[in-house]
Amino acid sequence: MSNSTNNGSQKFLNSKRLKVAVLGCTGMVGQQFVKMLDGHPFFETAALCSSKNSADKKYQEATDWIVGGVIPDAVKNIEITDTSAKKLLNRDIKIVFSALPAGVAKTIEQDLTREKLCVFTNASAHRMELDVPVVIPEVNPDHLDLIDAQKNQNGGFIVSNSNCSTTGLVMALKPLLEFGLNSAVVTTYQALSGAGRNGVASLKILDNIIPFIPKEEEKMEQETQKILGSLKDTCIDKSKIEIIASCCRVPTRDGHLESVLVDLDQDIKPEKLSDAFRNFQGIPQRMNLPTAPDRPLIVRTEPDRPQPLLDRDAGSPERAKGMAVTVGRIRKKNKRLSFFLLAHNTIRGAAGTCILNAELAVAKNLIP
Amino acid sequence: MSNSTNNGSQKFLNSKRLKVAVLGCTGMVGQQFVKMLDGHPFFETAALCSSKNSADKKYQEATDWIVGGVIPDAVKNIEITDTSAKKLLNRDIKIVFSALPAGVAKTIEQDLTREKLCVFTNASAHRMELDVPVVIPEVNPDHLDLIDAQKNQNGGFIVSNSNCSTTGLVMALKPLLEFGLNSAVVTTYQALSGAGRNGVASLKILDNIIPFIPKEEEKMEQETQKILGSLKDTCIDKSKIEIIASCCRVPTRDGHLESVLVDLDQDIKPEKLSDAFRNFQGIPQRMNLPTAPDRPLIVRTEPDRPQPLLDRDAGSPERAKGMAVTVGRIRKKNKRLSFFLLAHNTIRGAAGTCILNAELAVAKNLIP
Amino acid sequence: MSNSTNNGSQKFLNSKRLKVAVLGCTGMVGQQFVKMLDGHPFFETAALCSSKNSADKKYQEATDWIVGGVIPDAVKNIEITDTSAKKLLNRDIKIVFSALPAGVAKTIEQDLTREKLCVFTNASAHRMELDVPVVIPEVNPDHLDLIDAQKNQNGGFIVSNSNCSTTGLVMALKPLLEFGLNSAVVTTYQALSGAGRNGVASLKILDNIIPFIPKEEEKMEQETQKILGSLKDTCIDKSKIEIIASCCRVPTRDGHLESVLVDLDQDIKPEKLSDAFRNFQGIPQRMNLPTAPDRPLIVRTEPDRPQPLLDRDAGSPERAKGMAVTVGRIRKKNKRLSFFLLAHNTIRGAAGTCILNAELAVAKNLIP
Amino acid sequence: MSNSTNNGSQKFLNSKRLKVAVLGCTGMVGQQFVKMLDGHPFFETAALCSSKNSADKKYQEATDWIVGGVIPDAVKNIEITDTSAKKLLNRDIKIVFSALPAGVAKTIEQDLTREKLCVFTNASAHRMELDVPVVIPEVNPDHLDLIDAQKNQNGGFIVSNSNCSTTGLVMALKPLLEFGLNSAVVTTYQALSGAGRNGVASLKILDNIIPFIPKEEEKMEQETQKILGSLKDTCIDKSKIEIIASCCRVPTRDGHLESVLVDLDQDIKPEKLSDAFRNFQGIPQRMNLPTAPDRPLIVRTEPDRPQPLLDRDAGSPERAKGMAVTVGRIRKKNKRLSFFLLAHNTIRGAAGTCILNAELAVAKNLIP
């Protein structure tokens, strides 16, 4: 990282905070955005938007808060508005965080970019579009360059984070690229919050596992290849790494656990893999971005870790809790290496990475 | 199956029932033995054995019944005895079902064989010994021949069923052998009952997944290769199929779910795999053994099956409930095929297969 | 019970079965009706009705079966129809079991009675109407006389069972009336299935208790007083017994547990209370109705019973599983007695009692 | 509160911290002590004691940390010692926090007092002894006077907090005394952590409720009467308020929920009760003790609160999280009032109140 960028970040911290809006503010991920943006050094939550049902209510009246702690004082009396670009622009908002459902996100987000708004979205609606980067700042920060084409066309742009189960996987695969990663077989244990607040009925999951999450396996496979792809001119050359995913919903509240088996060109020892994980860092760490964890990957050496209950909130400093991916049980079987990883699905797998993307964009002066 | 064997089975049904003992009768698997032996056409429960703590108590007083329904009338007043061969022999018992913990099983089971008793055990203590067959009757009934050597040496013999997570896997792999099975990657979601009645503290598993079960992965790998090995003279030539297992404990009561990815020589379609599963049958079906399910493998075509809650009791007729393995979500990815399977861990994965082994031994006139 | 009635029941068993319909057949209670009516000696399921969404689909295609076992063969291919009286009458149906949601039940059920249909309903819509009896056959069979007025007015009639949490309570209170019951304080631990298949989101209840169930406490209080009231001419003189209920939803699948404290006029010992429970029987037992449990109240003497997991399916014979209420931990504190009770909420607390009501009506020749 | 005491507290804060030991440091409550003492303004954890098994190991090696977050840096390398008074005295320790099991606590704690140590214990061993006060600082701080007699006899003393389910109840009953409290009927929903780390096997509680906790109901009844009793000379005149408790274990991790029904002399409105709860404060609040919550009782007005998941960590400031008791659903039925309350069982119901007792003793200059 060049000093100049770092200075840019530093400089920013001394100026006043950018106003942002949260779309889909009452849902699970929406609440996580609100929580993580509270007291944020770069951003100030200036608008909370939701569907017509909640519009005009105060945030604390419209919201069944479920993400821990209490609704931040700074936002609890904000009146929820509907998702119209005009209202956002009137309030001097440039950045929009979207936790909209995929269905409605498509049109709304696109409309906002035409009003020169910068949309950082957790919705899957635009992820597979050629000019929309799917970014994990520690992994493929250069993909942000794709937004130039969007800016030229629309004025604003969309940057997406990846699906909640993809993020942890890709972060763990990134440091393995140097050993010649050919394929990864991943099997998941995904928490209930990944399906949203009312997504899984209790009678369906108490004393049960559901071995199917619609479109999840496809997302994990396609998004991983896009994120690990290389930027060529104005498009991304997808990675050829084979990803085979099998996804299950399990009765845990938060934290996606994944069992991963990788085929590498090199015949390396588990210790080397372990070091590669431990030493992994990216631009967010070097730029010292507010939501970046000191260590993106934490390696646990106990025989029975990571566990959702014990490791989902991993990450320091305080603002980066839930942003670290925990890795453990690194084992070797012939030429293949296997391990478990755990990532907090609504923080690192959703709101947290989305905010980190915006921090990176700010630090790189990409916000018009 | 030759008619003669079938006649043997038939003939047996007309004669009187063999007296059997259950060792470790108060534990989870012990209870399952007691339950499945109730009203059994071949066997009559004549002795219930347990550790000194329970000895001399009536079964219903010593037992915290947890396997559903109520303690069978025929056994509830049986006085528990300790595990001494003399007492068993005095009661005219020839067959012993063992649900002993691995630690104590080693010596006790060996001692019993020296008294010419036939031990069918769920304990892992002897599984890796060269002359002890690990048998799933639908898969490797011929391995029962190994008991000749034991008989010659000791008078009695030990036959083991496989570990609870191995059984379902091997049953699903068996019909794939014809397509040239090279390797299987398996990731498990194992129920609490697999760890015994007090095996997992509630605070360790509520809202959690534990990605480690001691020795489980090794067992799955070694036992699978032994069971799928071929009998050569008096020993087993282990299969070369590579098995890579990753095992987790999940908060379900019963039923081990497994995600499996197989590499086959042949490039076959999912439908062909599905047919191979559906049509799979073994000797127990042809001999019409009492605890044999009509269909050892049931294929579900819904997008979200098998599920522990819905499929763990699969199997018909009534006596074979929990003896069928359910398979679903058969998918193809390049040359590899993946699917989920579910097996009831204390029935098909423990007591049920153990009883089926004894039924097979009886039908084949292997009990001295 | 007079011999003549008993003969009537006997006589019935020799004739052919009455055709019945199930309204709301795809829901939780609807499925329980379908399950309990399978092979019923009095009734034959001739029509399955549901909302327009499911209409015209085969039952097995429209239904996400969740009540254990599999969809009965006899009904799985029945085409679901909408809830129109004409269609039911065309099929020669006289009796309708309703598992409709309260909202739609009001009008639909009333319309059916005008077509001379006999509606046995689990819906709460009409329970508080003066001429609709809320009947638990062991407790207040005489309240069935209220249907005369309905018949005179409409041709058909509605008989309701009580709310799922009321039924167990009232059954346990009935034998206490002779000791001078003044009041009962009841606190509940209600299972998820009481809220319907999708009633409670998993994120709301995993690792949680919800101390509120809308309108439940009022229902328990009002219904108890109505059921324990005395029939005077054509109306019911409500009981003056004070009921104070506090209701919670807990993370169990089935079986409502209730903690009860009663004030009695007489100062009796726990043993006497225990005997009163144990010896309690009603008309269904004396008439030997198909769904009647031998013992409506089962007393457990272990220190830690009843438990939902172990006792919810109590009741014999087979057809009456889940129809017995289990009572335990009977304790005395000064002049007050306390105990716990457990009743299967979708069987004894819903479909089962509803069917038992119909059986009683048939046996008493009340079906026109 | 006199100014002098307050000054004493103030003065203390300027001097150096008192060295304390934690007995039973690896268990659930022991961990909670360690966590809450981290950075404590009055106390410094100078010794961690445990059974011989753990002795000589470093705390982080001996401890399976389960109370959230990570082991505090300041203690993770402390070597665990056995529980001998000499070692404690050598380290200049005056105050001992005990999380010992009741069985071993009796002798060990008594021995320590003879060495002039001040024992603040969560163990039940001495609670019913005449000269041992059971103190909740907001409720009966004057009972601390009982320690004089102990000091005279032994040099040191024992102060106990109440049982985890008693504490929340008594705190809610205290402000009702002014309305003439005659009796309270309480029914509990108690979390798993109340039984210790391995106290409840998962197979016993998943999908279940256990309506029995050994000795719990007796403790709630007796301790409440002792705590609400009045100090007369050197002994406590027990309260005559009748307490009737029924206790259940439920599948939640932390937080005991209780349903309470009270009989009052006065016929007051729910709003008045609500105000009495809301305005309740005690000496800890007035003295501004470090672990005292601003509001000991928090009243929630939503229809479905308190809930364990949402309210167990109630309390501010940060150090007092889990120290506030949440009350809700205040209802009136004739002359009786009912409500639900929730208290964190290992914080307010155990370690937290124990520490608050020690803070009070320090502030009152009762430590020799």
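Each chain gets a letter, A, B, C and D, in the order it is written, and its residues are counted from 1.
By definition in this document, a contact is a pair of C-beta atoms (placed from the backbone, for glycine too) under 8 Å apart; a residue touches a chain by one contact, two chains touch by 3 or more.
Remember, predicted model here, so these are calculated numbers, not experimental data.
Traced through touching neighbours, the fewest hops from subunit A to subunit D number 1.
Chain pair with the larger contact count among B-C and C-D is C-D, by C-beta pairs in contact.
Separating the CA-averaged centres of subunit A and subunit C is a span of 49 Å. In this assembly, the C-alpha centroid of subunit B lies 41 Å from the C-alpha centroid of subunit C. Centroids of subunit C and subunit D (each the mean of its C-alpha atoms) stand 44 Å apart. Chain contacts: subunit D has residues 66, 206-207, 251, 253, 310 touching two or more partner chains.
Chain contact summary for the complex, subunit A toward subunit C: residues 28, 66, 192-193, 197-207, 251, 253. Those residues of subunit C that touch subunit B in the shared complex are 66, 206-207, 310, 313.
Partner subunit C is touched in their complex by these residues of subunit D: 185, 187, 189, 207-212, 242, 244, 246, 248, 250-253, 257, 259, 261, 303-310, 328-329, 333-334, 336, 338, 340.
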